[in-house]
Structures are given as structure tokens and as C-alpha cells.
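Chains here go by letter, A, B, C and D, matching the order in which they are written, and residues are numbered from 1 within each.
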Amino acid sequence: MSQSEILTPTYEIGTTSFYESHVRPVVVEFLGTTILVFLVCMFPATSSTIYQSAFVYGFATLFLIVSFGDISGGHFNPAITLGCTVAGALSIPLSVCYFFAQILGGMLGAAFVRAVYPLKIYKTIVGGSTVLNIMQGMKPGWGVMTEALLTFIIVLTFLHSVVDKRSKLAPLSVGVSVAACSFVGAFPTGGSMNPARSLGPAIAFSVYSDYVDDLIWKYHYIYWVGPLAGTLFAALMYRYSKT
Amino acid sequence: MSQSEILTPTYEIGTTSFYESHVRPVVVEFLGTTILVFLVCMFPATSSTIYQSAFVYGFATLFLIVSFGDISGGHFNPAITLGCTVAGALSIPLSVCYFFAQILGGMLGAAFVRAVYPLKIYKTIVGGSTVLNIMQGMKPGWGVMTEALLTFIIVLTFLHSVVDKRSKLAPLSVGVSVAACSFVGAFPTGGSMNPARSLGPAIAFSVYSDYVDDLIWKYHYIYWVGPLAGTLFAALMYRYSKT
Amino acid sequence: MSQSEILTPTYEIGTTSFYESHVRPVVVEFLGTTILVFLVCMFPATSSTIYQSAFVYGFATLFLIVSFGDISGGHFNPAITLGCTVAGALSIPLSVCYFFAQILGGMLGAAFVRAVYPLKIYKTIVGGSTVLNIMQGMKPGWGVMTEALLTFIIVLTFLHSVVDKRSKLAPLSVGVSVAACSFVGAFPTGGSMNPARSLGPAIAFSVYSDYVDDLIWKYHYIYWVGPLAGTLFAALMYRYSKT
Amino acid sequence: MSQSEILTPTYEIGTTSFYESHVRPVVVEFLGTTILVFLVCMFPATSSTIYQSAFVYGFATLFLIVSFGDISGGHFNPAITLGCTVAGALSIPLSVCYFFAQILGGMLGAAFVRAVYPLKIYKTIVGGSTVLNIMQGMKPGWGVMTEALLTFIIVLTFLHSVVDKRSKLAPLSVGVSVAACSFVGAFPTGGSMNPARSLGPAIAFSVYSDYVDDLIWKYHYIYWVGPLAGTLFAALMYRYSKT
């Protein structure tokens, strides 16, 4: 794979200016992650509606990739960005910019949730934070394993469906993989698979709520360690299967 | 962008007669909005089935865009029409015609709901009206913010997916964006994102029901101010990112 | 439109033999309607799961059109067949054969439901029959109106999405239109929009069950009059908008 | 049909090396079945969420076919593999390799469920096993009939949508057919339609749980006899309709 291919973000063909090849993609990743995290965190998930949130997550992923995939590749997730970088489909400087854009976007999206709800509702849904289900006996190790396996699945799907460009249905494929993994992960860990989606509401909830749920921060590392492990495994598997 | 491009509705290529370029699109917008508002308002939403209505809204948007998108552009929503006009993808005279066609369609669609239900059921579902959830502590400011942010998302998706014509999956993209936003908006404001969808049932319910719920009209402005603000922001952002 | 076009079923290009142009399409309509009615009637719908059956109906429509649309046009519904005939997209002899194939398919599909369930479950779900919700105050006139309007919507969608061949997403469009209409029709009438889907389980339930619910037959005409009226309106509207 | 066509797995065009034509497809079937069974079995299905599991099953099928369909054909199910073999679309040696890869993948996927849940939850969901609903009066004969008819439907859909390559929507078609059949089968038998999906969790649950549910093994043959019968019927029907 040539250097120029690595420097070009996925989907991008024949870009010329620095603005189009670097500024717009980063701005779009920021905007897309803001929208994604806002929608997922705003959904008033309770134990009876928890599975509907999987549709929000999957649908938002789908329309964001269709809308912005040709500009930035459609990541909106540090795990996907890391996977593309390790797989050789994104340059390292651009991936670092993507990472910070996604983290900031996640924080802004989660902050907007506070802007649309009164404090009572905001606290009821814990600001949309992902929390380990310790009530049901989940322990951190299981949480890390859950997030690692589910992130492995969506990163592998992204690499095979979008990066390989084999199918017109790529956005649908990634969208339903996120929905399916969010369905199964909703109960044990909240089904994050995206550090930006977990960090944003954790910070926003700590800032905007007078009551801080210690559990959010105590087990927050799960949403970094799990996705990191799953992504590395998926990206390395993809890379070596190609050569 | 040339004048002729601005005068041509989205998706329309090589139209010649005034009938095809102006009459048919307006008729189709009227018919499509009638169908959309009828289906969304007829759904017997209760607190336990409220999230199923998001599927009705999203699915109806999807099949209407596939069916009629090549004739009129597939708006069925004054907010989308305003967005396309501001973004330079629709002429102002045609957008005014679209607007009135959509408002009338929304009223007819909401009136049909009365035609299929006995009064008792009709009153139970408030004729399909969107009402601010003041029971749960929502206040008008939050309602406007909710509608503004959600409309911003669907208009941005429409402009990037449909107007840019980048994807064959554009109707799916817009459909699931409406579904996702309807999911998260169902609880606080009913997730309208469409003044025609809110005005129609408000009028129909006032006409057909002996009991008028004051709250419908008291907070009705939310469903105009919110979408208007969100649409302008999305369309201007789209327009300036293009130049 | 030439005679040869009228004689050719939708989607069929360059067929030569009588077997391929007439026998296979009729067999496929029989088989497809059997599968469609079997799945929809087998779903154990209760008041809490009634909306899930809309997914079964819509999904089954989608995969049957993708699988068999190029052979027969993918109707599986006498209303669709009538609509295509009136719109001039199907010859009258073939449409008559389609009609009987669909009615027989609906009966076989409904009979299979009895083959997979013990009598107790079979009676609980009334063999998958569509019944007017008189418990909630629905009266026949409203039922006819409901079925007419919903059938109007799916036939119009079919004619614009499939017959016009404008979109690769046609099967998805028809599938989600059936799902959306089934969602809103589930509560008042069962959301049939298809006489074969209503006749089949009505006969099967009368044959296999020792207990005959009189209401099934008393209001059965709703499921013929409503779809017939809606279909004629949609097909004539489509036909005149084309010329 | 020539010998070379039979030897080439579906979707595969112009492969040359033994690695690409035989090793990769088998590895991909193993990996895909692992992911499929893991997601379906991990979903915490209870009587109120049982229908959500149909989305997981259908969505997983969809994204796996989009991701891996061009490498192996996208079976992930011994029934689909048998169907393709009988229909003449897969060589016998390769189909035997697929079979063992799928069985092993199902076992690994089911084992991973134990890795993400504490024993209490794992036992509550019976490790994701499919169990005949004898509580509601289902008897083995009905269970076999259910699995046979549903497997018949998905295999027929696969052969017509994927093997015939008639539609870009093939992965969507197969995905929603699995979802629809899983919806209707969830209540009586669990809606397996896939021996690898039933064998894996049955073994894993027997190994990892101190309590062995005898019913899992007593009626396990249902999930082999039913799919086998349905598949043979579908594949022979497909084969003879083609000649």
C-alpha cells in the first residue's frame, strides 16, 4: 500500500486542497460524533425501553455514514479510527485529529442533552451515561470482555464493509452491526463500544448534576480498555488476512 | 449555482412542461404529506407504544421518498422545504407552493384520522397531536430546544444524503434519521420536527372533538419556532461548507 | 402502452416460453402468498406484541419481493394484483390466475399454522385471523375506511416504487410501507390490506377449531370492500397521472 | 452447470490460489458463525424481550453477509450450506469443511457467552439455548414442523436472493427473512433454523453450568431434523425449478 493511499482518508478520491483532505474531515467527525452522542444519550432509556435505544444508536450510525462517509470515512468513534489506522487506511496525524474531534464532539453532544431536559429527567437517565450493571452481578472483568468482544465485531464489520468498499450496503451493514451489538450490550454494560460515547456523558453528568454517581467514574476504564483491546485484535486480524 | 439549477426541484432531470416541473411536484407534496401525517397521527400511541410510532414515522418517510422523490424531491415537511430553499436547491415560488400544499396535506391527513376512529379512541390519542410533556416537567424552552436540535439533524441529513445525491441509500438515510429523532423526541415533545405534522392534528382535534385541550394550542408555537431555528442553522451551515 | 407490455408481468424482461411467462409466475404467487400468510398468521400476537407483527408482515413482504419479484412481479396480494391490472401493468388473464393462486396460497399458509401449534395456542391467536376491534368501539364503517385508506397507501407505493422501476430500493419501499400500515392498522382492524391474508385464516380457523368465532365471518366483508375501494382509487389515480 | 462452477463458492469470482478458494472461506465461516451465535445467545432474552432477539439474529445475519459474503458466500448455518450443496452451488468437500467450521464456531460463540456473564445471569438465559416451549403445550412434532417450515423459508430466500445474484439487496433480504422467521419461531421453539446455533449453547451450557437442563438435550434432535427436512425440500424445489 503506497504512502499516498495511507494518507488519504477512506472513501476520499481525488481530493486536492488541504481544506478538503484534512480540515473538512476533522470538522465532520466532530459534528457527526456530536449528533451521534446527543441522540444516544438523549434517549430516555429505562429498563423497559433499553432495547429501543439500540435502534437509535444503529439508525444514527447509518444516516451519519450515508451523509458524511464520503467526507471523513464516517467513523464517529475513536475505536473505528484506531482500527482504520492500524489497518493502514488512515494516516497517523489525521487519526490523532479525528480522535480529539470525536472526544470533543462526544462532550458537546452529551452537554446538549442537559440543554433539552429539566434536571429531574436528566438525573433519571444519568445523562445518558453507560454504567456497568453491578446490580445484576456484573463485575469489571466481564464488562471489559463484553465491550472488547462487541467492539471487535463492529470494527471488523467496518473494515470489511466500508474500508474494503465491497458493497453499496456498507452504511446499512455498519448501522445494523452497531444496533445488534447495542442490543446485546444494553443490559450488561450499556453497549458503548465507543470511548467518546462513554466519556462525554460521564463528564457532562459530573458537571451539570449536583449528584455525582461514583460508579460512572469507578468503572469508566472499562469503556476504554475493552474497545481498545477489541479494536486492536480486529484491525490486526484484518491487516494480516490481507497480505 | 446557475438560476436554472435553482429553479429545478431536487432529483428532477430534464423536465420540460410546466405541468411536470411545477404542478405535479406540488400535488405530490400535498398527497405525500397527507399520507405521512395520516399514518403518524393514526397510530394509537400510548406511553407503552410511543416508541413504535417512531417506526411509523421513519418508514413512512422512507417509502414516500422512494415513491415520490423523483417527482418533487420528497420533502413532505415545511422544514425540509425551507432548508432546501435556503441551501439554494429549490426556487422560492415553488417552495411557497410546497409550503401551502404541505400544510393543507397535513390538515387533510389529520382529518382522515377522525374518519377511521370512533370519537372515544380519537380523543384518547388526542387526534395524534404533539403535546409538550409538561407532566414530566418539560418547559417550553426545553421543548423549543428539542425540536430545534432534532430538526437540525434531519435537515442536515436530507441536504447531505438527498440533495448532494451522493448515495443510492439516500431514502433509507433520511428515513432512519427521522426514526431516530422521533425515538428520542417522542417522550419530551412528541418528536414532530415538522410544522405540518403538528398543525394538522391540532386543527382537526379542535374541529372534531367537543373537548379542546388548551395545551395543544398554548405550546403550539414550539413546533414552529424550534424547527425554523434548527432548519436555518442546518441550511446555512450546509451552504457555507459548499463554497 | 402496447399490448405486449400489458401482457408482460412487471419486472419480466425477455421471457419467451409459456412456462416462464405464465406458469412460473402463478406458481410463485401461490408459494409466496403461502409463506407470507403463514408467517403473519403464525406470529403469536397478543395485545402487548401486536406491533411486533408489523415487522413480520413488512419483512416478509420485503424478502419475498427480492426473492420472487423478477419472476412474478412480487404481488402476493389480490389488491396489488388488481391495482397492477387497472394500472395497465398486468394482463387480465394472468391477473385472474394470480388471484386464485393467492387465495389458495393464503388458505394453505393459514392451514400450516394449525400444523405447528397445539389447539390451545391456535385458538388463543384465533388462527391469525384479522378481527374488527369492536371491544374498543370500532364499527364496520370505520373498519372499511381503515382498510381502504391503508390499502390505498400500499398500492400507490407499489405502483410508484416497483412498477415504475425508479429505484433499486423498491422492495424495501414496499416492505416498509406494509410495515407502517400494519403498525397503524393493527389496533383497529388487524391491518390486513390483503383479502388473501384475511380469507385464509378465517377458513382455516372455521375448519380446524371446534369453536367458531362468529365475528370473524360477520365482519369479513370489511377485508374485501375496504381493500377493493382503496386499490381502485390508487390505481386510477396512478393511471391518470401518467397520461 | 459445469464442474468449475460447482467447485466455486457463491459470490467468488476469479479466485486463484487454494488459500483464497478454500482456506479463507472456511476460516470466515468459522469466524462468522462464532459472531452470529455469540450475539444471538448473549442477548438476555426473557418472555418480554424475546422478540427483540429477532432483530439481533436478523441484523447479525445482514452485516455478516455484507462483510463476508464475497469470501465464503455468507452461510454461517449448516442448513444454508446443505441447501447450496444440494442446489449445486457448492462443492461437497468444501461444504463438509464449512459444516465443521460452523459447528466449531457455534461452540466457540456460545462459550464466549459464559465469558461475559456471571453464572447467575448465564443460568437465567440458559446460555442462550433454544428450548421447546413445552410449558405452553408444544410437543416435539410441532417443534419439528416449526423448524422445518421456517428453515425452508430462509433457505429458499437465500437461494433466490444470494445464489441467483439477482439483487443488490440480497443481504438485506436474507437478514429480514431470518428476522421474520425468528419473530414467529421465538415463542414455540426459539426460532433456531440453524443446527450450529442450537448445538453450541447446548454444549456450552452443559459444560459451564452446574445444573443441566435435561430438556435441552431431550428435544435437541428437533433442531437437526426440522432444518434438515426444510432445507432438502427448499433446495430440491429450487434445483428442479431451474432446469
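Keep this in mind: a residue touches a chain if its C-beta (ideal position, glycine included) is under 8 Å from a C-beta of that chain, and two chains touch if they have at least 3 such contacts.
In this text the structure is predicted, and so the values were computed from the model without any measurement.
Shared residue numbers account for under half of those found at the interface formed by chain C and chain D, and the copies are therefore classed as meeting with different residues. Here the spacing of chain B and chain D, counted between their Cα centres, is 41 Å.
Mean C-alpha position of chain B lies 29 Å from that of chain C.
The residues of chain B that reach two or more other chains are 168-169, 172, listed in rising order. Chain-to-chain contact here is organised cyclically: the chains close a single ring, every chain touching exactly two others. Across the whole structure, chains are in contact as follows: A-B, A-D, B-C, C-D. Within the complex formed with chain B, the residues of chain C that make contact are 51, 54, 58, 136-139, 142, 145-146, 149, 153, 156-157, 160-161, 166-170, 172-174, 176-177, 179-181, 183-184, 187-188, 241. By the touch criterion stated above, chain C contacts chain D in their complex at residues 24, 35, 38-39, 42-44, 49, 52-53, 55-56, 59-60, 62-63, 66-68, 70, 112, 115-118, 120-121, 168-169, 171-172, 175.
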